Each structure stands twice: as C-alpha cells, then as structure tokens.
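To start, I am sharing the structure in question, which I have written as structure tokens.
Going by the order they are written in, the chains are A, B, C, D, E and F; count residues from 1 in each one.
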C-alpha cells in the first residue's frame, strides 16, 4: 500500500481509538463531557482526512462535489440548529431523528455503491435492510415521543402477516441481488420492504418503552454503518460501526434492566401497554419514578437538600441510613437539614427520638416554622416515608388533613419521595404531592432505599 | 484464502474472544474461576486448531515433531506439577517463573524464524529484545520473592553505565540485523544484551515492589508475544499478546495505585528501599498491611467474624459505621458478633454505650468469657481501634498489662486491625499481635476505614 | 474469502468486543447521553458518504449522494452538539 | 506497508483497546489472580512455537524448538492451573 | 379587648401553670389581655417578672376572678364558684369522670370547655391536644422514674466488675404515654417490649425499635382512635396471658386507659407475686395494676416496688406547662377568630370541647340525666 | 477453710451489701466458707434464701463477728470493735479522710485492707477496682437524678405543642463517674459538654460524642492517673472561667475530686446566681458547688435546685452491690492464691491496699504521726 494509504489508514485507526476513549470517559459524570469532545475531535480528524483522500485521489467529479458539499452543509446546519434550539425534554426524540438519518445515510451508501465482491453484496444487503428499518423505525419512535404519533401501542391489523410478507420479499430480493445480479432495483425493493417493516415493528410498542427502542435502533444503525464499511472497504466505518453496535446493545440492556423490562417483551410489543411504570394516582394523574442512581446523582449535585422524615422512616427503622446519607452529602459540600413536622410519625417527638439515636446533629434539625421558608431555596426535598405531613391537600378545606400546617416541600425545586408504594398515610387520603411534576418517586423500603442511595452516591459522584 | 485458512482464522478469532470473555469474568470474585476456565477452553481450541493446521499443511519434519512433542510434553508436565505442589504463599514467584519462560519462548520464536519482510525483521528485533529482558528479569523477580536472590534493593556498581552500553549495543545489533542483513548472530547479540539488561533492571528493585514488577514484566511478555505474532503473521498471537500487554499494563497501574507507589519510581528502583510499606514494629519484626478491598472481600467470604472494638472506635465515633458493616455482613449470611473487653475504652461500659447508640443487637454483644472460646472458630477477628485489650504480652509477666485477661484474637484464623498507625494504647506498649503473621493492618481512622470497608463490601462481594 | 476481508472481519469482531467492554456499569442518568454520544459516533457514516462521492456519476447518484450527505452531516453535527448540551449539566461543582 | 500488515496493526491496536477496557476497577484481592490469568493467556505463544516447527530444519533449530516448546507449554499449562488454584478460594458460599 | 385570666393551680401536687410567658406573648400579639395571679408560675419556674415582661398583668386571685372573660386552668380550681356566670372556663375539666362538676358549672351559668374532650383524630386539632401533650410528658417521666426506682442498670454494661445485662422493660398500652415511655427506656439502653390491644399501636411500637408482645386479642381499635373496653372473658384471657409474660420483666409500666370507663386491670396480684424481688411496676393509669395506689410507692412482700403515678406530667412542670399553654393558645386562637370569643360556627372542635353553655350541660357524651 | 463474713451495713442510707449470692458462689468454688448476717442483702433485694442457695451460711451478727477470719464490708461497721484482733477487715475504709479510724483498727490488732487505696493504673488490678465500679454506678444515677429533678425534657422534641430544645448539660470532672454521667445524659438526648483538667480526660469526653469545654488550664494529670490539686491562683482563674460558661447550661453535674484533698470548688455562688430558674446542679463530690449539702435538695432564691449527692452508688443497690462483690472476690482471690490468706509476696496490689497490720498503721500515704 502506498505511503499515503498507510498514513490515512493509521489516522483512521487513531480516530477510532478516540471514539473508544470518548465512550470510556462518558461512563462517569465527571468526565462525560470531555469524552464527547474527544470523540468529536476524532470525528473531525476523520472527516478532514477523508477530504484529503478525496482531493489526493481526485476521483470526485464537480457535480458530486457540489452534491456532497451542499447536502453536507445543509445537513450540518439543520442538525446544529435542531440541537441548539431543542428543549431539554425533547432531546430524546431529536436523538432518535439523528439516528434515523444516520441509518438512512448508511442504507443510501449501499444503494449508491456498486459492490466489488460477493462479500460487498451480502453486506450491502444487510446495510440496506438494517439501515432502512432503522430509518423508518426511528422516525416513528421520534414521532411517538414528540406526540405526533400516538404514544400508546398501536395494533396494526394483520401486522404479523404483513411482517411475514415483508420478510419473505426481502429475502427474495436479497437472493435476486446477490445470486442473480439483481442490481439496484432489487436493493430498492429491499429498502422499501424494510422501510415498511420499520414502521410495523415500532408502532405496537408503547411510548414508555421508546427510550429502550431508540437505543436498540441506535445499535442497529451502528451495525448498518459497519456493513457500509464492508461495502466500501473502509476500516473507520467498520470499527466505529461495530463499536456503536456493541456499545449500543449493552446500553440497551442496561436501560431495559434499569426499567425492569425484558427487552424481548419490549420488541414483541405485547407486554402490556408498556406504560406500567407510570402508576396511576388518584385516577388520571401520573407519577414519575426515579431510579436510585439518578436520585443519588441529583442529591450529589444539589446545593441544598432538606430531608423530610415521616412514619415510614420509623417503620423501616431507617434512621441510621438517613443520617449516614446526610453525612455523606454534607461531606460533599451539600447543605443538608432535616425538616421535622410536629406530628410526623406516631408519637410526639417520634422523629427526634430516631434521629437522636442515629446521632443527627441537633443544628441540622429544624421544625416547621424554621424549615418552611427555606424550601424555596432547596434543590431537593428528600421525603422519607412521610406522607400526610407533606400533603398539599391540607391547604384546602374539606378533607381529613385540612387546616393542618404542612411542610412546603412542593416549593422546593425538586422532590424525591422514598416510600414503598402509593399507599396512604395515617389520614388515609391520596397525596397530591406525588403527582406534582416536580416530584419523583423512589419506590422502596426506606432502609433499603437509603442504603442503595448511599452506595449510589459513592459509586457515581 | 482457502476455505481451510478462512475457517482456522475464524476459529482463532473465536479463541481470542474467549480470552477476552475470560478476562472480563475474572473482574469479579464470583465469576473469576469460570473466567479462567473460559480462557483455558479458548486456549485448548487454539492449540488443537494449530495441530490440525500443522498436519494439514504437512510442513513439519519428524525431528521437529519430536522436538516439539518432547519439549511441549516436558514443559506441560513441569508446569502442571509446579502449579499443583506450590504453596499458596509461593504462587507469585511461580507466576513470575511462568512469565519468564513465556517471554523466553517468544524470544526464541524470533531467533528461530527466518523473517519474511522488513516488518517481520523489526518486530523480530522487538520480540527478542522484550522477550529476553522479560525472561531474565522475571527470573530475578521470582528469585527475590523466593528468597534465592536477596530481596533488598541490590545496587549494581556502574549499573547506569552498563545499562547505557547494553542499550547502545542492542541498537547497533538491531541496525545490523534490519539494515545490513546481520542474521541470527545479530539477533543473538541482542538477546544476550537484553538478558543482562533484564538482570540489571530488576536487581535494584526492592522485594516489596516485586508484585508490581512481575505484573509489568507480564505485560511485556504479552507485547513480546504480539511481536512474535507479527513475525509469524499469526493473528491469535497478535490479539492475545496485545490483549495481555494492555490488560497487564492497566493491572500494573492498579496494583501500583493500590500500594500507593508511583510506577516510575518502582522501575527506577531509586524510591527508597521499596520496603516502606512494611513498617517496622518493635525493632526487627515486620507488619503486614492489607488494602480496604482485600479486607472487604476477606470479610465477605468469611463464615464467622468477631468485631473487637476499642478506644479507637470511640475516639473516631465510628460506632454507626461498625454496626452498619456488621449488619451488611449479617445480611450476607456471615455470623457476626462483638467481643467486648471489660476495660475496652476509657470508662466502664464505654463500648456498650456506643454500640447501643448505633443499635447493635444485644444478642450479638459478648463479653470476654463468652467470646474467648469462639475465636478458634473465627475466620476473621476485626479489631477496631483496640490495642491493649488484645495484646498477647498480657499473658507474660513483667509488663504493664501483665495479668490482665485479654481477648484471644490471635487464636482466630486471621486478624484485621483498623487503627491509624502502630501507635500505642493506654498502657503505652507495643502490641505483639501486629507482628503476628496472621494479622493484617488496615491503617486508617476507624470511621473512614469502616466506611470504606462497607463500600468495598457493596462493590465487590 | 480474501485475506483482507478476513482481516476486516477480525477488526469487526474486535471492535464489537471493545464496544461491549467500554460500557461498564453506568448510572441511569448517563444512559441517554451515552446513547446520544454513541449515536454521534455512527455519524462516521459521513466518511462513507464522502467516499461514495468518488463513485457516483449519474443524476440519481448525485441526488442520492446529496440526500445521504444531508443525512449523515445532520447525524454527526447534531449528534455531537445535542450530546454536549445534555452533558453540560454535569459541570463539576466549584 | 502491505495491506495485510496494516490490517494486523489495526487488529493489534484494537486488541490493545480491548485489553485496556476489559480490566475495570478490580478489587486488589483479584490483582494477583488476574495477573496470573493474563500470564496464562500469553501462553498462546505455544501456538507460535508450533508454527515455528514448520520452519526449522537444523539441529540448532530443533534444540531451540524443543526449548521454546518446553517454555511455552510450561507457561500455558502451569499458568492456567495455578490461576485456577488461586481462584478456588472464591468458591461461592453455599 | 378580651381578657384571659390564669390562677395558681390549687391541688396539692400540681406544679403546672396554664400559661407560660411565651404563651402570653402569643396571646398579646393577638390583641388579648392576660391577667395572672401572682406566683401562679412559681412552681413551674416562671416568675411574675417573666410574665410581666411578656405583657401579662400580675394581679391577686380575686382580681383575676373579677376581670377575666375567659379563665384558663389546668385543673378546675376548687374555688371556681368565685367565677361569675356568663364567663368562660377552659381546662382539663374531666367531666366524664366528674359529671357533677359539669352540672355545677352549668348551673352557675359558666360556659365550660374541656380540653380532654377534643376530638383526637382531627388533624387540625392536634395543636390543641392537651391530653397528648401531657401524656407525652408523663410517658417520658415514667421511664425516668422506673430507671430511678430500679436497683440496677437499664443499659447493658460490660465492665471489669462483671457484665450487667440490660433491664427488661414491658410497657402495657402503647398510646401517647406508652410510646414515649418505650422510647425513653430504649434510649437508656433497656430491652423494651410493648403491648397494646390496638393493631396500629403494635406497628407503632415496632417503629420505635422495640419488641411487640404477641397476645390473643384481636384489634380493638375504635373510630375515635381509642381502644374499646374488653369484655369480661376477654379481659380474663388477657390477664392470664400477661401473667405468664410479666415475670420475665424487671420493669413494667402500664398506661392502658379506656375513655369514660375504669382502667382495665392488666397486672394481677398473681403476676406481681411471680416477679423477681427488685422489680418495679409503674401504674400510670392507676387501675392497671392490682393494689396500686395513686402517688404512692409500695413494696410488696416479694420485693416488688409498685408505684401509682397518675399525674406524672405535673412533676415535669416546665415541659408540661409549656406544652399545655401552647395547646390552650391554639384552642383560644381557634375560638377567637377575630379576637372575640365565639361558639359559632359550631365546628367539630367547638362542639367537641363544649361542656356547658347557657346554664345547660350540652356535651352529648355526658349522661342524659344531667343534660336536663 | 478460711471463713469470709459479711454483715448488714450500718450507716442509715446504705443499701448495698458486700457480697451477692453470685459472688458467694464464686467464693464457694474456691473452697471458702461464707457466713452472712441475716437480712444483710435485703435492702439490695437479695434475700437470705438466695444466699443460702448459693452456699452461704446465714447467721446472727454476733456469730458473723465470731466466726469470720475475713470480714468483708462496704463501709466499716460502727461496731467494728466487736471484731477480734488478728482478723482481717476489707472494705472501702477511706483511711485518707479518716486517719483516726486506721489508727483504731491498727490498735485493735486488725489487719485492715482498704479497696480505695488500690493502685488504679495497674491493668491487672482493674477487676478489683471498687472506686471505679461504684463511681460508674454513681455517674449513671447522677444523670438520672438530674433528668428527674429538671423541669423540662432532656431530649429535643418537635411536637404539635411546640418544639422543646434539648437540655444543656455540663459535667465537671470527667473521671469514671463524670464519663458515665456524660454517656447517660447523652443517651437521654441532652446536649452534653464535659470539662476536666486532665488532657486525657478531654479526649475521653470527645470519645463519647460530647462537647469539650475549653479552659485556661494546662494538663494536670499525675502519674497515678489522678488529677493534681490546683494552686490558689489557678483555682481562682478556673472558677472565673466556669462562672462565664455555667449560666448557659440547664444542668450541671460535678464530680471533681483530688485524692486526699478537699474537693475543689468549681461552681461558685455567683455562678449559681447567674443560672436560670429551674436549673439543676448536682454535686457528687460535695465541695465542688458552693452551698451544697450532702444528701439534701436545696432550692436557691434564684430557683436553682442544688443537690449534694456524695453516695449515689448506694441508691442503685443491685448494680452497685453486684459490682462491689465482684471486686471484693477478685481481691480475695488475689490475696488467697492457694485458698489461704497471705500478705506475701508483697506485690503492688497487696502493698497498695494494706492499711494496718500487726498492730501498726503501715500505708505510706497515711500521715507519719499515726504510723508510729
């Protein structure tokens, strides 16, 4: 191979290494951003190198150059603008959109390139197939998240039959293409079948499962890109594609595990509505759940945390864990206090007895009058097994807790509630706090939940 | 490439994958053994495949076959016997020995193979160089650990000058070999120079640093094997060699970090005696230190643990951490009790006051008479900031603690002592327990040390 | 099978292994950013599209190229930026 | 540089990356077994020695081969066994 | 401006006072005048000067009777006849046990409100719940008293002079007082077991880390949060079960009450006989323990100390008075929405506490006969 | 066979007994006979039957005097003259404060051993250290007594009737008693601060999680583990510093002693005057607090309760007697290596406790004059 070829190859390998290092760094919050930058740097070098290769080899005609230039410029601008203006909450669907176009581009490569070998033909078929499924599937997924496509599982009539037909026709086209020199039209046939299949596969999956599905489609795009790499005999595409394929697969598993949903069931789309995680409270309202790790990170990066203990802390005898968590947060520089409601628990001073046993510093204990003004400045109110004493319904007349002063946790910037279920407290009524958009529920026994939070804190922050 | 070649190549890649999976599984105690078996399985397949290749290609003459067969059989028997009979404590030097012969074998490959290309020549030089250094270096390291070579840093007169000369001559030989067709004699020259260099580099390093050095040499052997792979154009050697090279490098860093010793300083051999970790107690005796992670694993896999609290627990106010650890162990199924000496601490019942505050279950608290008979059945006695009450000197007359009944922790199968230093207790005398070979010291403030143990327990067990 | 293809397959396998190994136990908070970061990396498809430019010469080819370039560039540029925005919230404490 | 050599280099690089990534945060207790396990893996040099057998034809060559075979076999056989013995202590609790 | 008056409490052992200087300040800020008898707070360590500094006017007893629109007390004063008709009397009047007293007040034309009739399960009334606040103080003191009367250590202590095992403490009745007694005894290091006939109370015991004594009885909770009285048979079965359990305890504290009824007998003579010498039994309900006498420390022939302690809150006068005064102020604030005392609208709280008004006994839980 | 005798203790408030049934059993297993006066253990809840069951012989007082080779006591009996010459008397004889008593015993030909002279820093003597065991009991009781005498809660409690702040407790002198008082008060939830002139004691205070009061004084430790007496100037400076600190505490417990000297005055009259009404001061050393009287509860004009409590161990008779008896048995075991009492070899322990022998006062710390 020429010296130029050797050098570009080595540069590409270096770029791939940068992708790996980037992903490695993205495993921890502290270095994640730098990791993305390393990865982006590698990407920039790869693009520049390819430009140099194109110029050096001189095989691009003017039309192609214009097409490439205008297309790329347009795409880059579109991507940057979309990424810049998108709201935080809409990011997942944007990622899905980017994933879609990535898969589309991979599929187009196989469509546009004349295969040089049987291997290139086979990988080309795979590229088109996977790329096209990903393209349409990701678009549907993005649509579901954005609310353009209904989030609930859409049952397509005769969906299974249609899928079967699509699969058979894809195989037929593939055989035609590889074995009988079917050419572009056969590939196009595959693409069309795959596009339809992508839609059919994604529609029956519920909105709550979309993050997992997007991650899976992301892994697919990686694989498609790797296949495109085989078609073009381009090492960076093979490496980066395989890397994303595998990393995406692991990530999909992790995400599904974190949501406690079997991947198989998600793909089958038959697993209930896929919305079981959003438990209904008081009828129509939905509550938001949070994982232990997320709660731990939220606490770790907060400036001021107020712990609100209630009867559940006592029932779980979780006082030692609560104080250990508070202490760990304090050591991180978080301002921590306990807000003690006059009737929290089941006897006067119940919380004091427990917290004193666990050696919570008296300076950190605040009663209702002392703590309520502070909630507006609080980043996280951590409610541990308290219920009635935080129920905003008390501010309205006409219910069992009316007129009782409450801790104004709902004035905090965010609220994390640890309890085992949406079960009632002493007063026996629903708590409106749990359906507040700022509230996230951590369903766990207080003792176990706090212990998990503490190890989460040690692990990730 | 022929179908046969394709298949063998793919099998080799599969074997390499098995090595990776094996190492992956070896990251956690629970799956480590299975990991080694997966790796061994991959190795067996690789060897069988190579046999098939040799037979298929038919290029081995009878003498070579005999040489290979007898050599391999002898080596295998020697290795298996040595591995079977070695005492637990002598395992590190055996690993070093195995590493030495591995490096030697890699070097011999380059010596015995006629290079097919410049690249093969360059990698051959590297192979011989690294392999030979590893061979002699590992032998010295093994000798140091086994006590055949003095463990203390041996300063070689004019060592630096000698190293310089060796380096220069290696370079000369290398240039002669690659650029001027120097042939086997040039390579042999490199080998000789490298063998001497290996000895010179290892001798000045202290015995306590040997584990790190062996790990480093292990990484070097991996690299040498990868170079041999380039010489022979053998993919499995390249992959497995590089894998071990990189994994070994990371491992070396982790080990050096765990021992709190900069790698650079270790290699330079100039960093004190390299024996600073073995702090002298009472003159000539040495104490053994243990890391938090090891202590955590030891506790996690114990059947019966007895916690012996002392004044240090009180001074550090570490009672909550101690009880949390005991609780975590109990939950794992470990039998845990506290042995409370009548005069532990500084006031009657000092330990009771603290442990009751932290809610240690009364059933787990045992006094001297109850706990002493149990130590013989105890896997780990965890001594937390206790000193005098465990001092075996009390059993002898003539010192300040003579005649005081003590807790017989030295009857336990192993002892872990958490305290900040080898500092004295109330009685102001050295504690012979600390130099007992069954005792390992965890130097830390009791509160911090116990918290670290607890997270170690969560992380690794 | 050609030796080069075999080598590519080896590379593919190893890259898969790297991919599996590089994602270790990650906090759930990082799942989405990591997915987004990986998504940006397969934007490397832009390199493929550029190489494709050397082999198109028909009008359909040009159009297809332009579309592919648009797609790929959008993936890579937007992907990195959006990931960066997600990660900005993990700025280390002062 | 030949395309195959380049491919080998790529493979080498990726194998290095796998090696770096596969060792994550390991407890110190496992350092020695892991080192020993890695040591056994480079026993793959036995494959190299076997391949070498096809290219020796002199007496020095045979001796060298026998020695190399002895070395490599010792490395691989002993390496796996000693690692296994080390790891036997992590038998899971009944 | 409404005038609230406070007298020195008359009964012998009573050391509490119905308002504290802090509470006076709270009333003053609501435009209420406070007149207080000189020396009223002395036995609870509140001096006249403190009251004056808080804005109260210190007067003679006669003046207080004379000037008060509302008279606040802990227990109703013996000379309550000095209070003119039409005035308001608020305190722990205990009309259920003393219906005659209620009739008398009604006859004198006094509007009497009794804090012990407050609906206990009403969330918004918790700040006025004097029974709770006083029982809380009493439970705390009961544990201290037990520790003080017991001849050994409560905690476990391993010392050079031997190991002392923790005291075994049993608390019968886990209402407010029982729970606080459990908590306090546990703080001192005793091994504490609790017992109650209400299922919820058993969970409450466990939530303090104490053991729960299992019994034969089903849940005896009532709507109003109180326990229902047991039938004769049930009660016998309970006594037999406790008889077996009690002897292994060193200290027994009883708090079991049934409102408006005789406190149930839980610790029989046989049970006491089987206890070890040196054991201590504290009967806070006076009636739970056979042979216990209020405010008296008896030692049985078997060496068991039996203490009848119905009024322990009075022996922690600062804490008890402070809490009581806060309860009283909360009730007053509720009754005087615009600074003027009113019984309208007739909400649950007002209806709950009102004993007599307009010359009539009006509370539905009082016997029909006296409600004329 | 050696016979060990035990009498009923004479002094009025004393409820302890020198041996318990458990200790009798230990002596019996060493082939020692025990004779005990009938009713000796009654006030500590140990009955004659228990003693007999353990192997002791219950006799009359005269018989015990008659038969004992070794007489064990807590305090020396008033009628000690009944003990014949040549016998051995072991107890807390306090010869340093009562040199006359020592001289009397010597004159009567009694071999007297005093447990309070035991070398305290000797590790192997810890099991015999009765001063420690009794101070430990006393410290525990002091905290209970303080909690009982205080009008408020020790712990912090947030309740519907308001928040009560934790009591602020100051313990002066952090020896054995002081540390146990600190631990017990902390258990009850008080905010505790400790104070001592020995540097080691300050670390000990912190090791219980309590605060340490910083003072002007240097470390005043001595070789024997005791504190040295302060000079007049030092003492004045200390009093002034404490005067400023004391008023912010609700409860002060003092335990500061200097062996063989007057207990130092730590809480002056001025300090008491500045304390809030309702505060409690407990003087365990009797002498640390201006105006404190032993076994008496005084209330100052400022409403401060001052309790002189020199002998609190006696009020927890079971725990105190059990520990004391264990100490005594440990000493006896040491003195009777082969079942026979001997003063040879003259080791540190024997030399430390021996007050009189062979008609002479022999202890070096007793004044020369009486050592004739």
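Annotations
Rule of thumb we're sticking to: contacts are C-beta pairs under 8 Å (C-beta built on N, C-alpha and C of every residue); 3 or more make two chains touch, one makes a residue touch a chain.
No experiment lies behind these values; they were computed from the predicted model shown.
Annotation of chain B and chain E: jointly contacted by A, F, touch as defined at the top. Two chain pairs are in question, B-C and A-F; the one with more C-beta pairs in contact is A-F. Homomeric contact chain E/chain F is classed as same-residue, with over half of its interface positions used by both copies. Chain centres here are Cα averages; for chain B and chain D they lie 17 Å apart.
Centre-to-centre separation between chain B and chain F, using Cα means, comes to 57 Å.
With each centre defined as the average position of its C-alpha atoms, the distance from chain A to chain D rounds to 39 Å. The multi-chain contact residues of chain B, meaning those touching 2 or more other chains, are 16, 20, 24, 235, 239, 317, 342-343, 348-349, 353, 356-357, 359, 459.
In chain C, 1-4, 8, 10-11, 13-15, 17-18, 21-22, 24 are the positions where the chain touches two or more neighbouring chains simultaneously. Residue positions 126-127, 132-133, 136, 155, 157, 159-162, 187, 189, 209 of chain F are each in touch with at least two other chains.
Taken together, the chains touch in the following pairs: A-B, A-C, A-D, A-E, A-F, B-C, B-D, B-E, B-F, C-D, E-F.
Within the complex, the chain A residues that touch chain F are 340-344, 348-349, 351-353, 356, 359, 362, 365, 367-368. Of all residues in chain D, only 1-2, 4-5, 8, 11-13, 15-20, 22-57, 61-93 touch chain B in the complex they form. On the chain F side of its complex with chain E, the touching residues are 44-47, 126-127, 129-130, 132-133, 136-137, 140-141, 144-145, 147-148, 150-153, 155, 157, 159-162, 164, 184, 187-189, 276-278, 303, 316-319, 322-324, 326-327. Contact residues of chain F toward chain A in the complex are 155-163, 166, 189, 191, 209.
For chain D in complex with chain A, the touching residues are 1-3, 6, 9-10, 13-14, 17, 21.
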